[in-house]
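Same chain, two partners: chain A is paired with chain B first, then with chain C.
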Partner chain A sequence: MQKYKTKKGLLIAFVASIFLVTAGCSNDDAASQSNESTEGSSTSITMSWPRDIGAMNPHVYNPSQLLTQSMIYEPLVSYEEGGELKPHLAESWTISEDGLEYTFKLRENVKFTDGSPFDASIVKKNFDTIMENKSSHSWLGVINVLEKTEVIDDLTFKMVLSEPYYPALQDLAVVRPVRFLGESGFPEDGDTSKGITKPVGTGPWILEDYKKDEYATFTRNPDYWGDAPEAEKVTIKIIPDAETRVLAFEKGELDLIYGEGAISMDSFNHLKESGEYKTDLSEPVGTRSLLLNTTNEKLADLNVRLALQHGFNKEAMVEGITLGIEEKADKILSTNFPYTDVEVDAIEYDVEKAASYLDEAGWKMPSGKSIREKDGQPLELELMYDKTDPIQKAMAETLQAEWSAIGVKLNITGVELTVQIERRKAGDFDVDFWYNYGAPYDPHSFINVVAEEGWGVSEAHSKLPMKEELNKQVDAALASTDETERQELYGTILKTLQEQSVIVPVSYMKKTVVYQNGIEEFVFPANRDEHPFNEINVSQ
Partner chain B sequence: MISSVQMASKSKWALIISAAILIVFFLVSILAPWIAPHDPIQVNLAIKLSSPSWEYPLGTDHLGRCNLSRLLYGARVSLGFASLIFAASLGFGLLVGMIAGFKGGWIDLLLMRFCDGVMAFPNLVLVLGIVGLLGPGLWQVVIALMMVQWVYYARMIRGMVVSMKEQNFIAAARISGSSTGKIIRRHLLPNVLPPIMVMGTLEMGWAIMDISALSFLGLGIQPPTPEWGAMIQEGKAFIRSQPELMIYPGLMILFVVISFNVLGESLSERFGIKRRY
Partner chain C sequence: MFIYLIKRLLAVVPIILFAIFLMFALIRLSPVDPAEAYLAAANIHPTDEILAEKRHEFGLDQPLLVQYVQTVKKIVQLDFGNSYVTNTPVWQEVATRMPATIQLAVSSIILSIVVSVPLGFLAAIYKNSLIDHLSRLLSYLGASIPQFWLGYVLIFLFSVKLDMFPVEGRGTWQHFVLPSITLSLALIAIYTRLLRASVLEELENVYVIYGRTRGIKEKTIMVKHVLRIAISPMLTGLGMNLGKLLTGTIIVEQVFSWPGFGRFFIEAIFNRDIPVIQGYVVLAACLFIVCNLIVDLVQLYIDPRISRKGMAES
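Then we have the complex of A and B:
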């Protein structure tokens, strides 16, 4: 009996504790919700991000996130709408006649968050540590041609190049590695590649609290030199799964979801149609293209490349697969990049034309077969795609079906992203998906990979009859100091590339944003990697 | 007394129903090319994500392909390859189990310790590892699943052979001069096979789950070939607007796997065989 009683007592205690716990939960929920809604009106923004923000070191790459690096650290020049470069930490600059010397006049009265002044010596110190690890930054053109840096006076800084390279300023606008860490953030040996002591920047945001894989909070920098952002606080919640992000947003835990591929297109449309939230699409951030590798004999023939381009209904494919979020692309580079306003003839969907091009190229349809042949060889190609990317996969399946109608057998192979990149670099592919780099990297990074070997794009163009000339034009364009000459060179290069159809533009990719009604205005940053928080207006 | 009769009739019905469902699925998978209304890989973006109609009884997927046809063809892949895995691992398990059980000694020791080693790992982890080494593709998945499944058959057969070879009828056969091959063929095999087939029925369900799981992860069958697990993966992007894209193939897997399990359970009840778990 005694035993029974204790058991009963335990049971009661257990049940009671469950009640308590659940009651606690609901209280918590209510509290946090009301808390958040009041916070929402007191100018705090909560956003989700798929990955942990990583070390907030301005001079390192993954897993550090560009978004948050750009909140703390600032560039000398900033990249604005349409590719215009505006003074940022540098108030003005002069470039010598020969295009080799860049002299920057630094902004006065800029302070790091540790109180130390932003001056030429700290700029040089940052450049020095970047140049110490030159090999890890060699993808950035300006690093390769940078000969030396000099402190002229307190607020004047000079950069000397070994050869003229016009996109040097664009390269300084990128989020990493050429941004500036304050004195007290440097480790003792001054080498930031192994880590920094604390994130000290000049930017509008200060990292306040951070828990790995959970959240990071930023507060407004009270001593910021420029226009203070409206919001006082930004919280970034790490939510890896896209559907979970949408659910959290619908529950009101997030004020916005922003980014490329941050939510599925289906969810985006769903939220848009619900009418309860605001949604927006950015200008094109890059072009989704197909790369036809001319080192494959079959694709070395221009007629075959044109036939493939005529042979699929681009508009229906883009509209159907991206649910209208991406836009059909006729130009290799979208015209919101500098120097890209080039006349092109769009290659329309035309199965008959595709067939006649293939006939002309000698690929005939043998009677009783469904695949074209030449000299007994079937017209068979392989398309590799990133198997974790649902859009690439759907497009691959569509192309396979569409090209089979013109007698081309397309084998599609889903591979890991790393394998895809490796095979592309090795030139070991027939057809591949490829994207240009976006702002502020393009168009100069784009023409650079067309000429520079090692990235797969130049290799894909290698059998073009005018390849050597093309390379020369690219070099000339990158070294040009004259604006009109540069414009002309870009025009010729883009025209050739467009006509040769090695790169087949498919669609213009866009960033998506969904936000709660509490946010009045959202402006996409012109620089693809930059954070959007300075421009967000929160209603009171 | 009554309850055991009820049990028996219940299990009889369970057996009949599950067997009937499976027969239907097997028929469908064999007849898919004739009964499917459309070509399962024909893309038609103009009618993507359309709702059920006379022409497309279950609607279409994100590329405008007929869902019903894809499900029917998907049955082919799941059941066909599960059967293949079953047959292959049974064959191999039979060989190893017989040798180990009949020969005994160090051969037995060696083979069984190897089996222990394989069984020490969770199945799916091992399969993922093997597929990782071989690269994605349906045949690689089949090989990987076969490589981990045969050990269960081998162990069970070995146990049965060891206990059986001491029995009188084997001794009698041996005394009357039967060769080893003949003893295995005429006396051991007929006794070993029925319980193993029952166990195999249960394993079939697992094989189907594993194939689907791997295809869902993108390791199994490669597009555009329809497969249930891969269809769930593709439907995942449309979970909000078209949840049925995930539900249809999910239901298929559910029905087939439950049927195999119920069939296996009720058969093993009849034969008095214990499951491996």
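Then we have the complex of A and C:
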């Protein structure tokens, strides 16, 4: 009997020790942290985010989150409403007439959170480490044309380009990689691509506490050079599941749910209709489009492309699938980006017109059949969509039904996202979904992929009769140093693209926010990736 | 006993090799190119030259057999490579998330045992009584309610409406309650019925009648003899489920924002983080095997007849 008791005791001790050991691996702060609700300090904000914030390294990408990187690190130039570029860490700048030299006068008395000064030498040091890993940043235009950087004096920094590239300043406004880490954050060898020692920035927030996959707490930077945010503390809880986020919000554990796709469209409308919370939609952050590949002989014909565009009820589809959260798009780029306010004719839903375009193109409906034919070939196309994206799937199914009514057989194929990208790049598709990049990347990144091969967009346009001319116009616009000339070039390019209908705009995507009544005002940041916490007014 | 143990341990080797082969084959069959996946995660624009360079670096240009041998070699040395996304060793990433998963697995198993053993046992002894009907109802519910739905319902009722427990996260004992119940209900459903059936079967045995005629106390017969033998099938199930729970309870970890192994795996799938997926599959196989082995040994201890049978066969 004694033997049994000892064994039972051992078993209990074993189970208890598993708990103690595993609990020892966790930080006890988690307890106090996760219990803390919004009822605490009246000037604290608790928000959820689907993924861990990652290493707070300003010069790396995934898994670091743009939202939190932008809380700590700041740019030389900031992107504001309507694409206006405003001084940030650079107080002013001059551009040489040939568009090759950018000289920045840096803001005085700016300090990193380690107490070190923000000056031209640290700016150069950051640029140097970024350029050491150029291949990781080659997607950003300015990196490809950056020839050298110079320290002119303590507060003057110069950037020399190998060729004129007007969006250089826009590129400096992006959240990564061109933001600045303080001296004590650099590793010994100065190469930040392998990691940093600590997150030291000049921004309004300091990372105070962090537990991987659970939460991150930021406090207001007391020495911040700019206007101090109203909230004293921001807690970001990592909640991967969208429905759990809504439940945590309804319980009051969260002050706001913000971001693209942070909440399902159903839940957004449910919270909005409850009348208990405040909700808002941002200006368009990007356009959801269809890409029609002209390397396919059928789609090389403008009449077919126009017929497809006239052949579906865009408004009903967008309203029905996105429950009113997205807005029907008539223009390829929404007009809240610079240079995009161009007069173009919207292509409206008109089945008869669609049919006449197809007739004109020689695609006739044989009697007794439901698919149009030309030279014995049926008008059959394939639409590729990301099978994990419910909106793409629903839109694909709608298009299949709508286009069959005009005699077009649409086969829809759900693929893995990586396969979708791979096939798009290889030009191996008829119709695909495509999105532009948003602020501050557009419109220059958009016209760049229209001209530059390797992304699938230029390839899709390749059979346009004016493609060569279009490429020249894009190159000229990107290199242009004259504002009026640039506006004209953008006008011409966007008009051509719109008329050619290779990119069919479907809807304008928007960011959503849902917040508790304790938050008085919420302003969406103009830069798609920037955090919103500086502009949040919290009631006392 | 020792020979039995050695035999069991030797049998583990081909199983693990098969698991590695299966994982290797599935990854090669998937349309995702590891080199592309790496470049996408590292945010490098995949030009043909960089792709070729990466394919060479990962050994993807080697014959399949060579690639397989290399994979086995590395895994045997517990080298799963670095995560494409975080650039840190997979092993390290797993180690930081294991404590959370182990805690949740152990608490769920304990809760399942604490509820299902008395319930199943009493349901058998008091067959067709109220407690038997109740256990049946609980089993039906446990077997038919999907876990993600149960999780949301529990959060809605006990967290949002009654404010008894936190919605998500980890840290205090309160955080364990809802995820443990969510995970346990299905287990309780199975174990209760399993135990009930096997107790009823044991009660028919001669040794029970013999014990009674010898005047042994009913309680002693039930607990020391019937339950001890009847619990065997439940232990087997427990071992399999412990392995399942330890490899991360993917849905529950996601719903309750539990920072464990399963949630990490889901993220790896979305990021096409192949070294992590590879590491997860092999570790999961090992965990299953080890858990089953432990259960077999426990059974051996509880019911020595198994050992004798094993030895007789050998």
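Methods note: the second predicted complex is superposed on the first by the 499 of 540 C-alpha atoms of A that agree within 3 Å, B and C clash if a C-alpha of one lies under 4 Å from a C-alpha of the other, contacts with A are read in each partner's own complex, and residues count from 1 in each chain.
Operating definition for what follows: a contact is a pair of C-beta atoms (placed from the backbone, for glycine too) under 8 Å apart; a residue touches a chain by one contact, two chains touch by 3 or more.
Predicted model only: the values in this text are computed from it and were never measured.
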item: Touched partner set for A:243, first chain B, second chain C, both or neither; value: both
item: A:369 touches, of chain B and chain C: first, second, both or neither?; value: neither
item: Which superposed partner A:214 touches (first chain B, second chain C, both, neither); value: second
item: Of chain B and chain C, the chain that contacts the larger number of chain A residues; value: C
item: First, second, both or neither for A:320, with chain B first and chain C second; value: first
item: Which superposed partner A:86 touches (first chain B, second chain C, both, neither); value: neither
item: Touched partner set for A:396, first chain B, second chain C, both or neither; value: first
item: Chain B versus chain C as contact partner of A:148, first or second or both or neither; value: neither
item: Contacts of A:198 with chain B and chain C, given as first, second, both or neither; value: neither
item: Shared contact residues on chain A - chain B and chain C; value: 243
item: Contact footprint of chain B on chain A as seen in their complex; value: 243, 246, 264-267, 269-270, 313, 316-317, 319-321, 387-388, 390, 393-394, 396-398, 400-402, 412-414
item: Residue numbers on chain C that touch chain A, as the complex places them; value: 30-33, 36-37, 40-47, 50, 85-86, 96-100, 102-103, 106-107, 110, 152, 155-156, 159-160, 163, 166-172, 175, 254-257, 259, 263-264, 266-267, 271-272
item: Touching residues on chain A, where the partner in the complex is chain C; value: 15, 18-19, 21-23, 25-26, 28, 30-35, 51, 54-55, 61-63, 135-139, 212-215, 237-241, 243-244, 247-248, 250-251, 253, 415-416, 418-419, 421-422, 425, 454
item: In the complex with chain A, residue positions of chain B that touch it; value: 41-43, 45-46, 48, 62-64, 136, 218, 222-224, 234, 237-242
